[in-house]
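Two complexes follow with chain A in common, the first pairing it with chain B and the second with chain C.
On to the complex of A and B.
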C-alpha cells in the first residue's frame, strides 16, 4: 500500500532497440486482458449501475435515473453514514499518527542494530490477516475478554464494560491495524531529519519544544502528510474491522456498501454509495496534493 | 531534546509496541484453551480446538481451496506481470506511461468498491463462486505489486550487462540463463511470495464473489468469527501466523529478505 504514492522507476528505454509490434503486443496482452476484465470493465459497469433504476432482489432494469443519488442525498441515514465514516477517518488517522510518530522517532534515534529488528517488528503485523488481528481484539475487549476479566476478578467493576460492538471497539481495532502503514510513511519521511539541524537550533538557544516545533516537525511533515492520506483513505474504505468489532451496530459507508450489495441485493444503491466513496477519495487526494505543494 | 532515548520515551514506545502486537500475541495462549467459549485466562488448557479445527470440514476444504487459488494466482500473475514489466521497462512505445498507470491503478481503488464492481460484472458472466472468477479477481490485486517489484528488478539489470555477455560470445540462451535469470531471481521470489500471501489473505473481494460451495479460508474464518465465539479461530490463526513466519523464514534463509525487497 505504501507503494501507492512512491514513484516508479520508469527510466528512458534505449531507443536503439528495435521492437517488433507483435512481440510487444504479446508481452503486454495477458496483463491487458486481466486489467480489462477485472478492473476497467467492472469500474465502468459500477458507474453505469449507479444510475440504473433500483428494483429489489438483484433485478436490474434498463431505465437510467438519478434516483439512487437523489435518494442518498435526501435520506438522513446517509448523512449519518457519511458523518460516521468521516469522524472515523479523521479520528483514527489522528490517533494513529500520535501512536506511530514516537515509533518513527525512536527508530530514527536508536542504534542501527536495534533499528533493523524494530523495523521488522513494526511492519510484521502487515503479514497477519486483518481478520486474525481483529479477532485478537475481540478476545481482548470482549465481555469475557482479557480487560474485563482482569477488572472483574480484581473487583474494580461488577459488570463487564462495553468495549466491543460499538464505536470504541472499532476505533481501537482500526488504529492498531493502521499503525504499520503510518509508521512506514513516517520512517520514509524521517530521512531528511539530521542531528546537525537540531544541534544548530540548540546552539542558537532554542529549547526542546521549539526545536521540535520549528525543526523536527517541519522536516518530517511530508511523511506525516503521506501517512495521514494513507490512513484516512484506508479507514474510510475498511470493512472487516468495523464489521467484526462494530457487531453490526456501527454504520459506515463501507459496511453499508456490503450490506446493500450482498444482503439486500440492492446493487444500484450499493454502486451509488461506492461512487460517493470514490468522490471522498478524490477530495482527500486533492487536499493532499495541495498540502504537499506547500512544503516545496 | 524531544525524542532523546530517555527512560519515559522508551517506556512510551514499549507500550505502543505492546498495543501493536497485543492482538497477535493474545491468540497464542487462547488457542490452547479447552473452554467452550472465549474466557481469559482459560479455565482449562489443552489441544481441544486444534483437534476440532482439523476435523472441521469447512476449514479443511477452505484451506485446500485457498492454497489452489493462491498457487495458481502466483503462477499466472508472474506469467502476465513479468512480460508486461519487461515491455514497459525496456521497450519504447507510445502509451508506456499510460499502461503503467493503468496496470497499477487497481491499488488505488478501495477493495470494497473493487469487490462490488467485480461482483457486478461476474454476476453477468456467471463467474460467481467459481475458481476462474476468484483467480481473475485475485490477479487484479497481485499483479500491480508484481509489476512494481519487477520494474525495480529490471532497473537493477542494465542492458549493457547482457550486451557485454553477448559481445564476449555468449549465445542468447546462455545470456538469459547465466546473466538475466540469476539477476532477476530476487525479484521473481519477492513477487511470488507477495502474490501468494496477498491472494491467500485476501478477504474483502473474496467475500463478494465466493459462493456457498467455494469459499476461501479467510472468508470461512470471517464468517466463523462473525457467528461463533469459541477459541477455534485462535487455533486457526496460530497455524496461519506460523505458516506465514515459515515462508518468511525460508525466503530470509535462501535469499535475505532485504535483498529480495530490493533495497
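On to the complex of A and C.
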C-alpha cells in the first residue's frame, strides 16, 4: 500500500512541473517587458547621459567624462542639497511614522465590522492628487491663509507667521501627503501582530509600556521598515510639494534635478544627480532588507 | 423553578474535599450589552493544589470565566480571590498567574529560551539564575537544549510544552489552561494530558483548565464544573458528574446517554411507554420527566421469560434495529415499544453478537436510571 501511494505523487510531479513554467512565464512576461522598456533601459540611458560632457543649450555630445560627478562632489552647494534632502527624508519619514502608527494599530485592532470603512477613510486622501492637496496647504498655511487669518483676527499675532515658502511648509505638506502610504504599508506589515501575544506578555508580568516595547514594536517592525522605506524614497524623490510649499527657497536634490533638466537644460548634470539619488535609494533598500531579516 | 430545586438537591458544594479554598470565585458575572449574561453569578472554590476543569459547549462562558480570572476581561460583578488576596480589579500583569493559550501564543520574534525567560525578566530575576531556571523549566517539559530554536521551528506539541514551561517558570500562584490540547492530534493529546496532569501534581499548583472535551475533564481533573449558558450546572468530582448528574443537561453533555420521555407515577417510579420502572426520582412524585440511562449500563441477553428476571433490575423486551461496530464496542439500537435504546457491548466480553431483528432483553439497575423533571437544564 505504502509503495503504491508514494509512487503516485512521483509519477504526477514531472507532468505538473512541465506545464507550470509556461503559465508562470506567460503571466510574468508582460510586466517584465514593460519593466525592461520603461525602467531598465531608461535607467541605463540615464547612467550613460550622466557621463556625457555638458554643453549649454541641452546639446548632448559624444564625449564621455567624469566631470559631472567631479563638479557635483566639489561643489559645496551639492552637500547642502544632499543634507537638506536627507534631513527632509528622515524627518518627514519619522514624523509620518509617528502620525500613522497609532492609526494603523487602531485599524489593525478595530472590529472587522468597522475596519473596511475606516480603512477606506484612511487612504481616501490618495483619491485627490498630491498637487491639489499641496495647493490646499498653501491656502491653509499662506500669509493670508486660514491659520494666519484666524490668529490675526483674534489678536494673537500682529503679523502673519511664516508657515509656508520654507522648510516648515514642506514638512507639513509632505507628511500629510505621505500618511496614507505609511498607514497602508504599516497595516500590510502588521500580519504577525495578534492580541494574544500582548495577553501572554501581560500574564507574564509586562506592563503596557513593556508590552509595546518588547512585543508590539518587534512584531510590527516589518511594517515599520516597509513604510519607512516607501516614505523615505517618496519624500526624497518628490519635487512638486517642496517646490510649491518651499516657494523656491527650499533646495533639495529633487528640485535641483528638475531645475537642471527643465530650466537650465543641463541634462548630464541632472542625470548625474539622479544617479546619486538612485544610489541613496539603493542604500535605503539595503538597510530595509537587513532590518526585515533581523526581525523575521 | 424545578431546575432550581434540582440544583439544590444535587450534592455539588459538599463534594469539595474540605480543604481551605485557595481560589475563590464569588458571584462573578460578565454582562455584555444590556442583558446578555456571558457568565452569570458563578461561585466556585478550588482548594490548593487541585485541578479544576471548566467543561461545557462553546459559548457556555467557560473561556470568559478563565479570562476574568486572568484579568484579560473586566468582571461586571463579583469577587475573585487567590489565597485571600482580592485580585478582582488588578491588571493582569500584577496577578501572578500563569496562562497557557489554546494556540500557544509563543512570541514569534523570540527564541524558546527568550520566551521562557520573559516572565523572569519582568520580575527582575538575575541573568544567571534566569538561565538556570529556564533550562530547568525546559527539562521539566522534556525539551532540554531546545532553547535556541524559534517557535516556528517546533511542532505543535513542542510549542505547547514551551508555553507550559513559560507559564510555570515564574512559579505562579495559579495556572490557567485555555483548551491547551484542542489544537493537537489525538495521539499527542493523550500524551499531553498525562504530562500536564503529572506536572500539575508534582508542582502541586492550583490549576483551572478550560475544555469542551469531557474525556479531558473527567480524566485530568480533581473537580469538574460543568457550565451551561453562563451558569454553573454542576460542580463536583468527575465521578459525581458522570454518575450523579445534577440535571438533564449534565447527563446529556457528559458521556453518551439515552434520554427517554416518561412520566413520574409515584416516588421512585417512572412510566416509560407502557411499563413502570423503579428508579431514583430525587423526591419528585409526579409530572412529566426525562429518564437517562448510559448505553453501557444496559446489559443484553437473548429474550427469555420475563418472570425469570430478578425484581431488583429493570428490564424491557426489545428488538434490535441497528448494529454499529465501533471497534472497542458494538452499539445496538433496540426498539422497546416506541422508544429506542442505544446500548453498548464491549467486543471482548461479548459472548456472542446479536443480529438486526433479533429479540433481546435489556436489563439495567434502578440506580443507573436518572430521572429529571421535564425541562431541567434547558
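Side notes on the structure shown:
Rule of thumb we're sticking to: the second predicted complex is superposed on the first by the 255 of 296 C-alpha atoms of A that agree within 3 Å, B and C clash if a C-alpha of one lies under 4 Å from a C-alpha of the other, contacts with A are read in each partner's own complex, and residues count from 1 in each chain.
As a working rule, contacts are C-beta pairs under 8 Å (C-beta built on N, C-alpha and C of every residue); 3 or more make two chains touch, one makes a residue touch a chain.
For clarity, every value in this text was computed on a predicted model and none was experimentally measured.
In the superposition on chain A, no contact is made by A:51 with either chain B or chain C.
Applying the stated contact rule after C-alpha superposition, one finds that A:90 touches neither chain B nor chain C.
In the superposition on chain A, A:202 makes contact with both chain B and chain C. Residue contacts after overlaying the shared chain place A:295 against chain C, while chain B stays out of touching range. In the superposition on chain A, A:251 makes contact with neither chain B nor chain C. In the superposition on chain A, A:69 makes contact with neither chain B nor chain C. Looking at the shared chain after the overlay, A:128 reaches chain B, while chain C stays out of its contact range. Look at A:218: by the touch rule set out above, it reaches chain C but stays clear of chain B. Set against each other, chain B and chain C differ in how many residues of chain A they touch, and the higher count belongs to B. With the contact threshold set out at the top, residues 202 of chain A are in contact with chain B in one structure and with chain C in the other. Those residues of chain A lying in contact with chain B across their complex are 1, 3-4, 8-15, 17, 19, 24, 26-28, 30-32, 34-35, 37-43, 45-46, 49, 58, 99-100, 102-103, 105-106, 108-110, 118, 121-122, 125, 127-140, 142, 144-146, 149, 176, 179-180, 198, 202, 208-209, 211-212, 216, 233, 236-237, 239-240, 243-244, 254, 257-258, 261-262, 267, 270-271, 274, 277-278, 281.
Interface residues of chain A, counted against chain C in their complex, comprise 192, 194, 196-197, 199-207, 210, 214-215, 218-219, 221, 295. Every residue of chain C that touches chain A in the complex is listed here, in rising order: 70-72, 91-99, 101, 103, 105-109, 118-119, 122-123, 166-167, 170.
Taken in their complex, chain B has these residues touching chain A: 1-5, 9-10, 12-13, 16-17, 19-27, 30, 37-41, 79-81, 83-84, 86-93, 96-97, 99-100, 102-114, 116-121, 123, 136-137, 139-140, 143-145, 147-148, 151-152, 155, 159, 197, 201, 203-204, 207-208, 218, 221-222, 225-226, 229, 233-234, 237, 240-241, 244, 248.
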